[in-house]
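By written order: A, B, C and D. Residues from 1 in each chain.
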Amino acid sequence: MSSTKLILQSSPHLRDDDSVRRIMLTVLIALAPATVASVLMFGTRAVVVLVLAVLGCLAFEAIALKIMKKPLMPYLTDGSAVVTGILLAMNLPSGLPWWMVLVGALVAVVLGKQVYGGIGSNPFNPALVARVFLFISFPTAMTTWPVPGSDLFGMGADVATAATPLGVLKTDGLAALMSSDSNLYMNLLTGHVGGCLGETSAIALILGGLFLLLRKVISWEIPVTFIGTVFAFTGVFYLVDSSTYADPLFQILSGGVMLGAIFMATDMVTTPVTRKGMLLFGFGCGLITGVIRLLGSYPEGVSFSILIMNGFTPLIDRYITPAPFEDKGGELQAP
Amino acid sequence: MSSATMGFPKGGVHPPEEKELSLGAELVTVTPPKKVIVPVTQHLGRPSAVVVNRGDEVVVGQVLAEATGPVSAAVHSPVSGKVLKIADGAVIGADRVPVIEIMNNGEDTGLDAFVQKTVSWKDKSSFLDWIRDAGVVGLGGATFPTHIKLMPPKDATVHTLIINGCECEPYLTADDTLMQWKPAEVLAGCCIMAGVLGISRILIGIEDNKPRAIEAMTVAAREGTYASFFDGDVPSFDVQVHALKTRYPQGAEKQLIDALIHRKVGAGKLPFTAGVVVQNSGTAYAAFEAVAARKPLIDRVMTVTGKGVEKPGNFLVRIGTPISEVVNAAGGAKENLKAIIAGGPMMGKSVKTLELPVVKGTSGVLLLTGEEIEEYRERECIRCGRCVEACPVNLVPCDVAAFAEFRQWDRAGKAMECVECGCCQYVCPANRYLVLYNRLAKYHWRRLQK
Amino acid sequence: MSKLAELTKGLWKENPVFRLLLGMCPTLAVTTEVVSGIGMGLSATFVLVMANLVVSSMRNVIPAKTRLPIFIVIIATFVTIVDLVMNAYAHDVHKSLGIFIPLIVVNCVILGRAEAFASKRPVFDSILDGLGMGLGFTLGLVALATVREILGNGTWFGMPVTGEGYTPFLLFVLPPGAFISLGFLLAGMNSIENRRKAHG
Amino acid sequence: MSDKKDSNIAAVVVVVIIATVCAAGLAFIKDLTADAIQAALDNETLSAVAKVVPKNCEADLAKQFVFPEGEGGLTFYPAYDKATGDLCAFAVKTQDDKGYGGRLQLLAGFSHLDNPEGLVLQRVYVLTHSETPGLGSKATVGQDEDPDTWGDDPVKVFGVNFRMKQVKDMSFTAKKAAEAGPNDVSAITASTVTSRAVTNAAKKAAELVKGNLEALKQKGAR
C-alpha cells in the first residue's frame, strides 16, 4: 500500500466533470458570436466597452473579495466575473463614456453580487442591476445609440446617433418606424440597428442560445416561454389594431428580447431551479416586457421584467416544487 | 424478455461504468485466511446476541450469534477453529463494534454437511425458516433480513416478486458474475422466494450493460433449467427477464419498482403497498443455498476492482476475511493507490485501511487511483438546478442543503424522502456535499419530531 | 445616566436614523438635498422637544388608556404649528418638504420618544432627550442628504462641489438611491461599531 | 365597577380638555400666520408671472380671471406697465396631460397685445411636472435664471425655443434638434414626449390668446 494519505470522504465518490468554471466558459463561448457581431457593428467603441467592463468586473471583484477577507481563488478564476463583465457590456450602448462603464462594473460586482455574499447569493442579475443603475443615473448617455457601421475606428464623441427601432416606435409611432427602414427585418436579424452591444444581431444571439441548449447549460423553458409570451401578447394587440401596434415578429426581434431571454433570464443564480418554475418565470418576463413596451412609457422593458421576475424567484421556488415521489392518488391496481 | 428498454422516468445519472475492469476474469475462490474477524451484527435491525465463548472450538456453519427478534439475523462461523476473542474491533463504517475473532484450523470441519440436494416442494412451509436460520440478509448492500421481506403484512396483497439484478453502481460486477455463472441457481432461489410468498410472477430487472447476464438469465428462464433443482408438485412460474436502461440508481428499490411495474412507492412506504417484494439477485442465490444445501450465509461473491489493484476480478470470499487477503488474491494494491471504497463509488464508504473484515453486505471493494478519484472542495451553490434534474425522488437537494447550512431544520423535512443515492452530488458543478447535508437534515428533522 | 449622556445618546449610540432605524419615511424621502434634510430635521427636533416637554409635564394627568390619542393630538398640534409657520416665513423650504411636514405626525421617532421616554421621565430629561434625538435625526438626514446631493446633483447646500465634467448620478436623488445610500451608511456605521467593540 | 366608570369618564374629560386647548392654540396660530401665508403664496405666483412677462410689466393678482369661463378654462394673469399702468402682457397658466409622467403645467407669457399678428410669446415657465429626472426634467433647465444668460442653443436650454417668438411664425411642432427648422421646437435629446407636451401646452395658450385677443384685453383692462 502506498504511503500517501488516502482520501476519506462521504459518498458519492464520483463527480461528473462539470464545474462552475466550465459552465462559465460555456457561456463565454456562447456569447462569442454576439460579441463579434457587436464589434463588427460598432467597431473600436464596442471593443473599449467590452474590455473595460470585463477588466472592471475582475478588478472590483478582487477588491471586494479582499475587503470581505475571502480568498481570490477560485472566485476570481471561475469566470463568473468575466461573464458578468461581458453581459454588462452587452447591455450598454457602444458610445458610453469609459468611466460610466467602470461605474457599471462596480455596481454589478459590488451592489449586484458581493453585498449579498458573492456568487450564488445574489437575488438579482448583477449585469442588469448595473444596467438599470446606469440607465436611471445617466439616462441621456444610456439612450444615445451610435449608428451601427458608422465611424468604426473612431473614438470621439461625435459619432452619428439614432434612436432604436423601439424608440422610434414609442415616440413617433408605427408609420414612422416602417418608413424609417425599408429593410427592417433583415437588419434586425443581422444586427444592423441601433441599440446596446448585445441588442443587435438576433442570429448571433440565437446561435449562442442553441449552443447553450446543446451543452445543457440552459434549458428551453425560459427562452421559449419568454419569447413566446412576448410574441403572443404583442400579437393580440397587433390583431386588434395593426395600425398602431407593431407586429409580434418585430417585437421579438427588436430590443433586448433575444439577449434577455437567452442570456439574462437564464442566469442560474437568479432564476427558479425547477422546470415548472422556469416556465412561470419566462411567462412573467414576457408578460411584463409586453406590458411595459405597449402600455408603459418606456420603449423597452426587458431589463425591468427580468429584474422584477428575479424578485419573484424565491417565491416561485418556494411554492413550485417537484411533485412528491408517490402514486398520484387512486387505488393501486395489480399490473 | 421485453424488447423495449425500460427505466425509471425521472432523474438519475450515468457515470462512467468502468465495469469491464473486473468483468471477464474467472470467479476466484479465496482461500480462507488464518484468522477471520466476524462482526456480531451484520444486518439492519436489532443486534444479534453472541452465543459462543472465548476459547470455544467452532465448526463451519455453527451459530456464533443468534437473532434477537423478528427483525434480526443470525451469524454463522465461516471457518472451523477456535474463538480467539470477543471484543470491540473496527469494521467498515464503524470503529468500535463487537467482533468475534476465530483462529482458522484450516480443516473446514462441518463444511461437507452442506451438500446441495434436490429440493422437495413439499417442504415449502419450511423454506422461510431455513432462510431465516441461514442468516440470509439483503446482499445488495442494504443487509435487511430477507425473511422479513418475505413476510408481507396481513392486509397486503403481494402479486409480484421483483429480482434486482441491476447492479447500477459503476465498477461492481459481483451480481453480474453470479448471474452469468449460476443463472439456474439464482432462478431457483427466486422460485423458492416466490413459493414462500405464494405467488408465481417473477420479474427480473437487469441493466442493459450486462448483456451476458441478461442472456444467461433469459435462457435459463426460457429453458426452465431451474426446475431440475426441485421435485414434487412444483407450480409453474411466470418468469420475465427485463433489460433496463443503464442509469444509476436503477437498482434502488423504488426506482426499480417504478421501472418495471410503473408504481411509485412514496416516502416511508414499503414495496408491499404496491404489491411487490424486491430481492437482490445475490440474495436469491443465498436463499437457494439456504434451502437446497441448508447452508448458512458464510461466503459471498464480491468485486475487487479499480485501477489501484493489479488483477481486478470477482471473488468468492468467506465472511470475516480481511479485505487485504482478498486484495492479495487480486494481485495486491498498486503504489499509486489514492482511496479505498467499500461498496460502489456512489454509495460506498471510504475506509482508511484494508485490515477490515468482509461482511455480508460487502458487495465490492474499490482501490482507486488519482485518475479515478479526487478530493473536491465545496463551493457556493449557483442554483443551476442540476441536482433537481438528477434527483430520482423529486427533491430539491440544493434547498435541503441551504436549510441545513443555515440550520433551518424545521424546513428540511423533505430530506426524509432522500435515498442518499448521490446523484445530486455527482452532477453538482459546485461540488456541494449534498448527500451529507441531507443526512444532517434527516438527523435533525428526526430529533425535532421527537 | 448623566444629563450630558441623555443629550448625546441620540447623536450616535441611539441615533434614530442609523441605530434605531426610526422615521424612515422622511429619512428616505426628503434627503435629496441637504437644505431639505436640515429643514425636516429641525422641524422634527422642534416637534420632538415640544412634544416631549408637554407629554412629560403632563405624564401624571394623562390616563394610560387614552395616552396614544393624547400623544397624537399633542404632536399633531405642534406639527401643524410648524407647518403654518414654515409656510408663512420659510415658504421655499416648505414647498420642497411638501407633504412630509404634515407627515411628521406619524414619524415614529416622535411618538416613540413620547411613549418610551417622555411619559416616564422628568421634564428636563425629556427635553434633553428630545433635543438629542432631534439633533441625531437631523445629523442622520444631513449625512444621507450629503451623499445623495453630492453624488446625485453635484452640489452641497446647493453649491457646486464637483468639477464641470461631472455627470451626476441621477439615481441618487431618486428613491432607489436613498435606499442604496442608507444601506452603505448603515454598513459603515456597523463596521465602525464592530471595530470599536472588538477593540474593547 | 364605579371606579372603572369614573376612570373612563376622567380619561374622556382629559382628552377633551387637551384637544380643546390644542384646537384653541392652533386657531390662534393660524390666525396669526394667515396673512403671511397668503402673502407668500401671492409672492410665489407673482414671481413666476414676473418671469414670463416683460421686465417693465407687473402682475396684479386681483385682476386674474379664467377664460373661457367654466371647466377647461385657463387662468390668465394680466400684467401692467409699471410706468403707465396700461395692460401690457398676459401670463397664462396652461397645461398638457401627455407628458412622460402625465400632467405638465406651465406659465406662458404673451406681450405685444396690439393685434393678433404681432403677438409675441415672451417665454414659458414650467410650474409642475413629473418628467423623468435627467431626461424630461431638462425642460426646466435654466428657467429660474435670467434668460439673458441662456445663450441661444435650444439643445442646452430648452426655454430658448419659446423665448421672444412671434406667435404667427411659430409652427409649434417639436422635432429632433438636427431636423428642426428655425420656427420648430428643437426637442430635448431623448425626451421627445416631454418636448411635445411643453410645446402643446404653449400652443394651446397661444391659440387661445391669438383668437380671443380683444375679449381678453377687455377682461384684463383696469
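Odds and ends about this structure:
As a working rule, contacts are C-beta pairs under 8 Å (C-beta built on N, C-alpha and C of every residue); 3 or more make two chains touch, one makes a residue touch a chain.
These numbers were taken from a predicted model, which means no experiment stands behind them.
Set against the C-alpha centre of chain C, every other chain centre is closer than that of B. Legend note: the chain whose CA centroid lies nearest the centroid of all displayed protein CA atoms is A.
If you average the Cα atoms of chain B and of chain C, the two centres end up 71 Å apart. The geometric centre of chain B is 88 Å away from that of chain D, both derived from CA atoms.
Our note on geometry: chain C versus chain D, Cα centroid distance of 33 Å, whole angstroms.
For the pair chain A and chain B, the distance between C-alpha centroids works out to 48 Å.
The multi-chain contact residues of chain B, meaning those touching 2 or more other chains, do not exist; every residue touches at most one other chain. Each of residues 133-134 in chain D touches at least two other chains.
For chain A, the set of residues touching two or more other chains reads 137-139.
Taken as a graph of touching chains, this assembly fits none of the simple shapes: it is neither a line, a ring, a star nor a complete graph.
The touching residues of chain C, when paired with chain D in their complex, are 58, 61-63, 65-66, 69-70, 73-74, 76-77, 80-81, 84-85, 87-89, 91, 95, 170, 173-174. Those residues of chain D lying in contact with chain A across their complex are 100-101, 132-135, 189-190, 192-193. Those residues of chain A whose C-beta lies close enough to touch chain C in the complex are 97, 100, 103, 111, 115, 133, 136-139, 141.
In the complex of the two chains, the chain B residues touching chain A come out as 13, 15-16, 157, 159-160, 170, 254, 261-267, 269, 273-275, 333-341, 345-352, 354, 366, 368, 373-376, 379-386, 388, 391-396, 398-399, 417, 420, 422-423, 425-431, 433, 435-436, 439.
Of all residues in chain D, only 7-8, 10-12, 14-15, 18-19, 22, 25-26, 29-30, 33, 36-37, 39-41, 43-44, 133-134 touch chain C in the complex they form.
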